Structure formats: structure tokens, C-alpha cells
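Shared between the two complexes below is subunit A, which has subunit B as its partner in the first and subunit C in the second.
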Partner chain A sequence: MEIIYNWMDWLLPFEWAEFTFMKHALLAVLLVTPLFGLVGTMVVNNRMSFFSDALGHSALTGIALGVLMGVDNYLLSMLGFSLLFALLMSGVMGSGLSSADTIIGVFSSTGLALGIVLLSSQGGFAKYSGYLVGDILTVGTEEILLLAGVLVLVILLWVLLFNRMFLTGMNPDLAASKGISVRLTEKLFVVIVAVLVTISIKWVGILIINSLLVLPAAAARNIARSMRAYHVYSVGISMISGVTGLILSYYLGTAAGGTIVLTAAAFFFVTFAAARLRKS
Partner chain B sequence: MHNQEKASFSPYGDCTSCARAGCNCVDCKCSMKIQGLTVEKKDGYILKDVSLEVTHGEILAIIGRNGAGKSTLLKAILGRIPYTGTISYTSHKGEPIVRPKIGYVPQNLVFDRTSPVTVADFLCPNLSRFPVFLGHRKEALEKAGAILGKVGASCGLLKKRMGTLSGGELQRVLLAFALEPLPDLLLLDEPVSAMDRKGTEVFYDLVTSLRKEYHMPVLLVSHDLAHVEQFATSAALLDQTVLLSGPVETVMSSPLVEEVFGIPKRKREQNGNHL
Partner chain C sequence: MITFKIRSSKPAGFRSVHLPAFKTMLSFILSLCLLLSGCGVREKEEDSFRIVTSFYPMYIMALNLTQGVPGVQVENMAGQQAGCLHDYQLQSKDMQNLQKADLFVINGAGMESFLEDVKQQLPSLPILVTSQGIPLLEEEDHSHEEESEHGEEQGSHEGHEHGEVNPHVWVSISDAILQVENFSEGLTEADPIHGEQYRKNAEIYIEKLETLREEMHQALDGLEDKRIITFHEAFPYFAQEFGLEIVKVINREPESQPSAKELAETIREIRETGVKAVFAEPQYPESAANIVAEESGAGMYFLDPCTTGEESPDAYLNAMRKNMEVLKTALAG
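Let's look at the complex of A and B:
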């Protein structure tokens, strides 16, 4: 880590970059935003943006379960619960008994309400309200290493499995005709989204995590005309909004997560306007 | 012209250049066989004890009223719903195929038309393992262009977005998608519903010539009896189970078909072969 700090001091001779917590935050942003950009494209393509929102909400129940079990690190209880939650939700959706948005709505509110009830029964919800907005300035060295590991893993999975997931999202029947196991592929994608949402929720916050997943991809979609352009723009917009939002939040004294999301939202409206201009 | 084609086509091959490596066209044994296929839902059977066989050179048309189970049969063949019974495939050498490849051309592809997916993005996953989000390999693009040429589309389509294609262009792209990797069964589901009359004829001519070149059984689901009579070699009347099957002329002139579709054959011809 020392070497990285020295590099950063040399590369970034700015006031905001002097503090270790800002260096950590910057590293975390540089690791987590490409992930969101990459996975977000498929979330948007597969029309799963409310699905991932519900996953974010379920994290609160995951934290509550961690508190009840008396563990210090809520990551494991959150991860366990959100995986269960995600697979259950996609299973109920697969049953075709109700429309997908209704089922997601039911799960989303259940996940949030259960979390609130369990946490408040433990003597006050206020202690955990930090999770709602998140705080990227609390990222530590271990967590940066974890993020780096997940980034490498997701890139590897994407190189190996992207084509399959892409065809499955495009049309499940066509994917099945090529011998792709549609169910397995769908479940795998759900698991990847659940893991990504869970590990980053502490810094981004339950309320806005989904915006970070959806906005860069939605902005990229406005202007992209091929899959490669879509991904390049999405990852680019995600990283630029991450770094810009972080620096802005330092000088404005605002919450980093919200500022990052607002920057990404600005990208969305700019690209939307650009697309409209090009069309007319 | 189509009738001539059909007459001159012998089921055991008159082609000299099969695209399948090692295929001996004279005694090609490729086939697809469905035995005792049953699909049951809570409120009863959707399909019961369906048995069918499509062999080399054949275009088998599945006809039937709405709700007869045609699309359920397709879903079962694609492995998208659970069923009992067996669906087995045999290669041109007569060996069983464990993991068959199906060339599926759907009625109208349901997909997000605003999606930034080009025709090249859509075709290349079939041609190369290179992940599409990183772009395309030159070889894969060349191959995709060649297949588009084979189905009568220009390779200029490669750069077009899927959502901007016309009905006829999309149908060709779907056919190109179905043909690579070489399928063991070509499965056509109302493939021409989005096309005009001329486009329809060109499409079926194409399928007829591809069938000779690739040697694969073809299964066609259609409610358009005129197309079936014109292009299929055999037909099966489906209503929960196979009521009747055989050469297309026999099936089409049976009173049962008349009963199901409610229009006698003579009348159909008077109406310009369209239902």
C-alpha cells in the first residue's frame, strides 16, 4: 500500500489527495465504478433495474440478521441473505404466477420492512441509518483488496460468459436453441449482481446503490450504437462520475455517494439531449 | 416453379456439395424423432403422446388450430419446458446426437428494439468465443458477412442496429443466426408472418435450397395452409396429439383438416390460397 500512496502523492499533488481516507476512497471508486459500469449494462439490457434495487433494500435485513447473530462484520450475513433473497425472488418470478414488477415490489418492500423491524427491535434504528446513505470515506485497506479481487473475478467471468448472458438476455428461446442453459445463466447473473450490490452497499448506501448501477449504463445507451461502444461509454461514464463526484464532495462538504450519483445523472441528461439532437 | 423444385428433389440427395464435413449425401441418415412426448399442466394435458419423425430432406409442417399445442411443442423441442417422452436426433452417419444444435427461426423475435445491438453483435457469439463487449474478431466478421450473403442479405447489414431492421431483413438475420453452427434441425415458427408475398416466396426458396446444401430435417409450424401445401413435403395435424400425419397432399386433402380449418380445399384455392 505504501508504494501506491507514494505514487498517488506524486501523481495527485492536490489538497484533497493529501489525506489517507481520500486516497482510500479514490482507490475504492476506481475499483468499484468499472464494475458498476460493466454489470450495469446487462442489468439495463435485461430490464432488471428494479430487481437490483430490491436487492439493495434486502441488505438492510442482512445487516439486521448479522446484528441478531452477534457478528461484527455484517458482510457475510448480508451476502448470505441477499443471495438467498435474489434466488428466491428470481424463482418466484420464474413461476409466472404474477408479473415481474409486482413480485419485485413485494420482495423489495418486504426486505426493507423486515430490516427496519428487526433493527428497531434491537434498540434503535438510528445506529444503522448510516447504511442508508453510505460513507465511502470509511473504506479500509482490506476492503480495497476485496474490491480488487471482485473486479478481477467479474472481468474474468465476463470474458468467459458474456456471450451466453448476452444471448440469454436478448431472447431466451434463441439462447436455448444454441444449447445455452438459460436458467443457469440467469441465476448466475443474479448471483453476480447480488454479490456486487452487497460488497459495495456500505460505501454507496442502500438508497442510491441502484442509481450507480443503472445511470452510467442508461447514459451510455443514449449514445451507443453497438455493444462495444455501449460498454466503453458505460465504464467510462461510471469512472468519470465516480472520481468527479468524489472530488466535488470533498470541496462541497457533501456525501460522496449522492454527489457521484448526481454527476452520473448529469451525464444521463447530457447524453439524452445529445441523442435527441442527433435524431432531429 | 416451387412445385417443380419439389418434384425434382429426391429425399436421398441430389446435391454434390454438402456443407457438412464427411457427409455422404447419398445415404444421409440425419433425422429428428419425437416419441410419446407429453406436456401436462395443472388443468390437464397440453400435449399427449405426440410422436413424430422428420428425416433427411423432409420439410414437415405442423398444422393445427389455435391452442392446439404448436408453440408448446416448440418450447419442448427447445428444452424450455419440462416434458415426458423422448426427443432424439441422429447424425448423417446414423449416430445419435447427444447435444443437438437447433436452428430456430421464431415468428417475431421479441427483443428490446432500442438496445444498442448491431447485427454483428448478434451473429458473432455463434462464430467466435471472443466476448462481444470487447468488439469482434476480423475472422468472425468475415464469416458473419458470408452467412448473410448466403441468406440473401448484404453484409452491409452487419453495422446496422437490430432494432432498425425491416421485417424481411430481420427474418434473414434470424435465419443466418440459425444456420451457424450447423444445426441438426431447422425449426421454423411462422417464419414469414412479418413478410409480404414476395418476401415469403424468396424465404421458402432459400429454405428449400439450404435444406439441400446442409442436409438437415426441417420442422415448420404454420397456420397458413397455402404455404404448407406449397413448400412442405409432409404434414402433421396437431390437436393435443397427432391426429393425422403423412405426405402433405394426403394430409391436406383429408376431411379432418377441412373440419379443423372449416374451409374445403377447393374454396381455399379459389380464395387465392390464403386463409
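Let's look at the complex of A and C:
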């Protein structure tokens, strides 16, 4: 880590980079945003943006369970619960009994309500409200390493499985006819989203985590003309809004997560306008 | 439980078609009886005097005042782990609890933000405000520039809290003594039968508190550097009593995380002024305090505002002794 700090001191002779917590936050942003950009493309393609939103909400129940069991680190209880929740939700969706948006709505509100009930049974909900808006400034070294590990893993999965996942998302029947196990691929993607949402929720916040997943990809979709460009734009927009938002939040004294999302939203509207102009 | 009993006590040959439905009915009725009788038992205890305290510090005082007094029940509304009541939301069980109370003991000074609701719902509930008559401190403005900037940015008064008084009275031992006095007076008025015992208990407890205060003055008065940085607005009364100087409060609103700018300003201030210690509170996550301490070179310690803890009459005394030890190590040489 020392080497990275020294590099950063040399590369970033700015006021904000003088503090280690800002260096940590920047590193975390540089690791998390490409993840969101990458996974977001598939979320947007497969029309799953509310699915990931529900996963974010379920994290609150995960935190509550962790609190009730007296675990200090809520990561494990959150991860366990959101994996269970995600698989259950996609299982119920696969049953085809009601439409996907209804099922997601049901699960999303259940996850949130269960979390509120469990947490407030302990007396004060206020203590955990930090999870609603997130706090990227408290990222530690170990967590950065964890993020780096997840980034490597997701990139690997992407390289290996992109075609399969893409085809499954586009046309499940065609995918099945090509010998792809549709169900397994879907579940795998669900697991990826669940893991990503869970490990980053503490820093991004339950309320806005989904925007980070959806906005860069949606903005990229406005202007991209090929699959490759779509990915490059999405990751690029995600990273640029992450870094810009973080630095802006330092000078403006605002919450980092919210500022990052607003920057990404600005990207969406600019690209939207650009796409409209090009069309007309 | 009940269903089991019925089923196992019936002879095996007794089965008929209607029996299952009958059994469910019976078990339902039996359990209903059990529930109702449970309520009945509780109501029979009417002759006892029921004190409900709003939160932990009041609860500890109540435990001391009622020690050894027969027929007095003390219950803590918010629970031992709720901490400060800043954003406490009343639950239906709290209202039930209050409905059965003979006296509701609160801190006052704005700590119980839900007080108006309670008054409206239960107009006949006697409420004892223990902070009555204690000179209150206004929420102090520790960094004027920041405040004016906030005003410009947001146009309006973002938090009305800034003009309000600070409710953390009990953290000062002298004020806690006054609160115990108010408490015992009010309690004697509400339950005169046990008045003599309450007064005696109050005397004993106040004596303990006075000894502690003496002890803490001896330990802390000699310290040269008394500048501290705290995390929340819980310690102005405490600081006033022991001559500590709170240089900065990192986080005014206990629920929010400090922004990067606030953290950076605090770190710079510590570097410039050489303040030795940053104090977090055991009730809140310490990650932000950790950051400040690590980057500024100050030490990080815990000061306990005694808002959570065990159910022991000596909990306040013990927590304060611990605070004294922490301050001694943190500010020494």
C-alpha cells in the first residue's frame, strides 16, 4: 500500500489527496465504478434494474440479522441473506405465476420492511441510517483488497461467460437450443449482482446503490453503436462520474455517494440530448 | 404446549371425525383463557406503584431511588440499548407501557422529542421532568465559519436544533445530583407512602455521586492540557464541570456521517493545535473517529455518555470512573 500512496502523492499534488482517507476513497471508487459499469450493462440489457434495487433493499434485512446475531462485521450476514433473497426472488419469478415487476415489488418492500422491523425492535433505527446514504470515506485497506479481488473475479467471469449471458438475456429459447443452461446462467448472473450490491452497499448506500448500477449503462446505451462501445462507454462514464463526484463532494462538503450519482445522472441527460440531436 | 397436552392426554380410541376441529377450538379457547388470565394477574398488582423512565440515565437513577422499596416497579421505556433518544420512534409497546404507568420520568430539555405525542395521547399521565431548574447550555457553535457557509448554501435554517438547548445534562455529575434531587422530590409527591425511603435512598446515592465528583476533580484538575475533540454534542455539561475545553465537535447530527470536508477541517485543526485526543462514543460506530485520529496523530479514546449499559444501580458511577481513567491516560503528559 505504501508504494501506491507514494505514487498517488506524486500523481495527485492536490489538496484533497493529502489525506489518506481520500486516497482510500479514491482507490475504492476506482475499483467499484468499473464493476458497476460492467455489470450495469447487463442489468440494463436484461431489464433487471428493479431487481438490483430490490437486492439493495434486502441488504437492510441482512444488516438487521447481523445486528441481532451480534456479528460485528455485517458483510457475511448481508451476503448470506442477499444471496438467499436473490435466488428466492429469481425462483419465484421463474415460476411465471405473476409478472416480474410485481414479484420484485413484493420482495423489495418485504426486504426493506423486515429490516426496519428487526432494527427498530432494538430501540433505535437512527444508528443504522448510515447504511441508507453510505459512507465511502471509511473504506479501509482490507476492504479495498476485497474490492480488487471481486473486480478481478467479475472481469474473469465476464471474459469467460459473456456470450452465454448475453444470449440468455436476449433470447432464452435460442440460448437453450444452443445447449446453454439458461437457468444456471441466469442464476449465476443473479449471484454476481447480489455479491456486487452487497459488498459495496456500505459505501454507496441502500438508497442510491441502484442508480450507480443503472445510470452509467443507461447513459452509455444512449450513445453506443456497438457492444464493445457500450461496455467501454459504460465503464468510462462510471469511473469518471465516480472520481468527479468524489472530488466535488470534498470541495462542496456534500455526501460522496449522492454527488457521484448526480454526476452520473448528468451524464445520462447529456448523452440523451446528444442521441436526440443525432437522430433528428 | 396446550395442544400437545390435550392430544397426549386423550386415550387413543377416542378419535372421531369431528375431534380435530374440536381440539383446535378447545386449544384456542384454552390459550385465550391463559392470555386473559395473564392480563388479570397483572392488573391485580394495581396496589404497586409503577415508574416508567424514558431512557437509560433516568432508569439508573430510578434503580437507585427505589432500592429496597417494596411494591414499586421500575421499567425503562426505550430499553437498555437504545442510547440517546434523538430520533426515537415510539412503538405501540411503549404506549402500552406508559398507559399502565403511575409516573413517567423524563430528562426533559428536548431529549424526549416524542413528548408532545405522549401528552396528547395520555393527558392524565403525570410526567416528572428531572432537568427542571437546571441551567441549560445552548447548542454551542464551535466553528462559526462553517455555520455561516451552511446558511448561505441552504438559504434557510437547516436544523432548528442549533438554537436549542443541549439536553445531555446528566453527563455532568453536579447536574446529575440535581436531577436525582428533582427525581426524589417528584417521586415523594407522587407516591407519598414511600417518601421517607425515597429520600433516604436519594441521600445515599447523592453521597456516592459527591464522592465520585471529588475523586474526579482530584484526578482531572491537575491536567495541563484539557483540550479535547468529541464526536457528538454529548459532553458540554461534563466539560464545563471539569474545566475541559471542547475544541471541536466533529459530528453535530449523530445520525449522519461527517463529510470529507468536515473530516479534513478537523484533521487540519488537530495538526495545527496539537490536541492530544479524539473521543468517540461506545454507542456509535468509531470509523470516522479512527480516520481523524490516524491522520492527525492524535490518540483515539472512548468517552461514555452513560446512555447504554447494564441494569445495575452503580452503572453510572462505574461508567464515569472509567471516563476518568480514560481522560487521565489520554491527556497525561
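To be clear about the criterion, the second predicted complex is superposed on the first by the 280 of 280 C-alpha atoms of A that agree within 3 Å, B and C clash if a C-alpha of one lies under 4 Å from a C-alpha of the other, contacts with A are read in each partner's own complex, and residues count from 1 in each chain.
Keep in mind that, in the parts below, a contact is a pair of C-beta atoms (placed from the backbone, for glycine too) under 8 Å apart; a residue touches a chain by one contact, two chains touch by 3 or more.
Treat the numbers as computed from the prediction; the structure is a model and nothing was measured.
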Query = With both structures lined up on subunit A, is it a clash or a fit for subunit B and subunit C?
reply = fit
Query = For A:A148, is the partner it touches subunit B (first), subunit C (second), both, or none of the two (neither)?
reply = neither
Inquiry  = Taking the superposition on A as described, I'd like to know which of subunit B and subunit C A:L137 touches: first, second, both or neither.
reply    = second
Query = Who does A:N45 touch here: subunit B (first), subunit C (second), both, or neither?
reply = first
Task = Check whether A:Y251 is in contact with subunit B, with subunit C, with both or with neither, and answer first, second, both or neither.
result = second
Query = After lining up the shared chain so the two structures overlap, which partner does A:L118 touch, if you call subunit B first and subunit C second: first, second, both or neither?
reply = neither
Ask   = Which of the two partners, first being subunit B and second being subunit C, lies in contact with A:S226: first, second, both, or neither?
value = first
Ask   = Taking the superposition as given, does A:T20 touch the first partner, subunit B, the second, subunit C, both, or neither?
value = second
Shortest CA-CA distance between subunit B and subunit C [superposed frame, angstrom] = 30
Key: Touch list for subunit C against partner subunit A, complex   = 78-79, 81-83, 86-89, 91, 149, 254-264, 267, 283-285, 287-288, 290-291, 294-295
Remark   = The answer for subunit A against subunit C in the complex is residues 16, 19-22, 25, 120, 122-127, 129-130, 133, 135, 137-138, 246, 249-256
Contact footprint of subunit A on subunit B as seen in their complex = 75, 78-80, 99-104, 106, 109-112, 114-118, 120-122, 125-126, 129, 131-136, 159, 161, 177-178, 181, 187
Task = Can you check the complex and tell me which residues of subunit A touch subunit B?
result = 38, 41, 45, 47, 158-160, 162-164, 166-167, 170-174, 176-179, 182, 221, 224-231
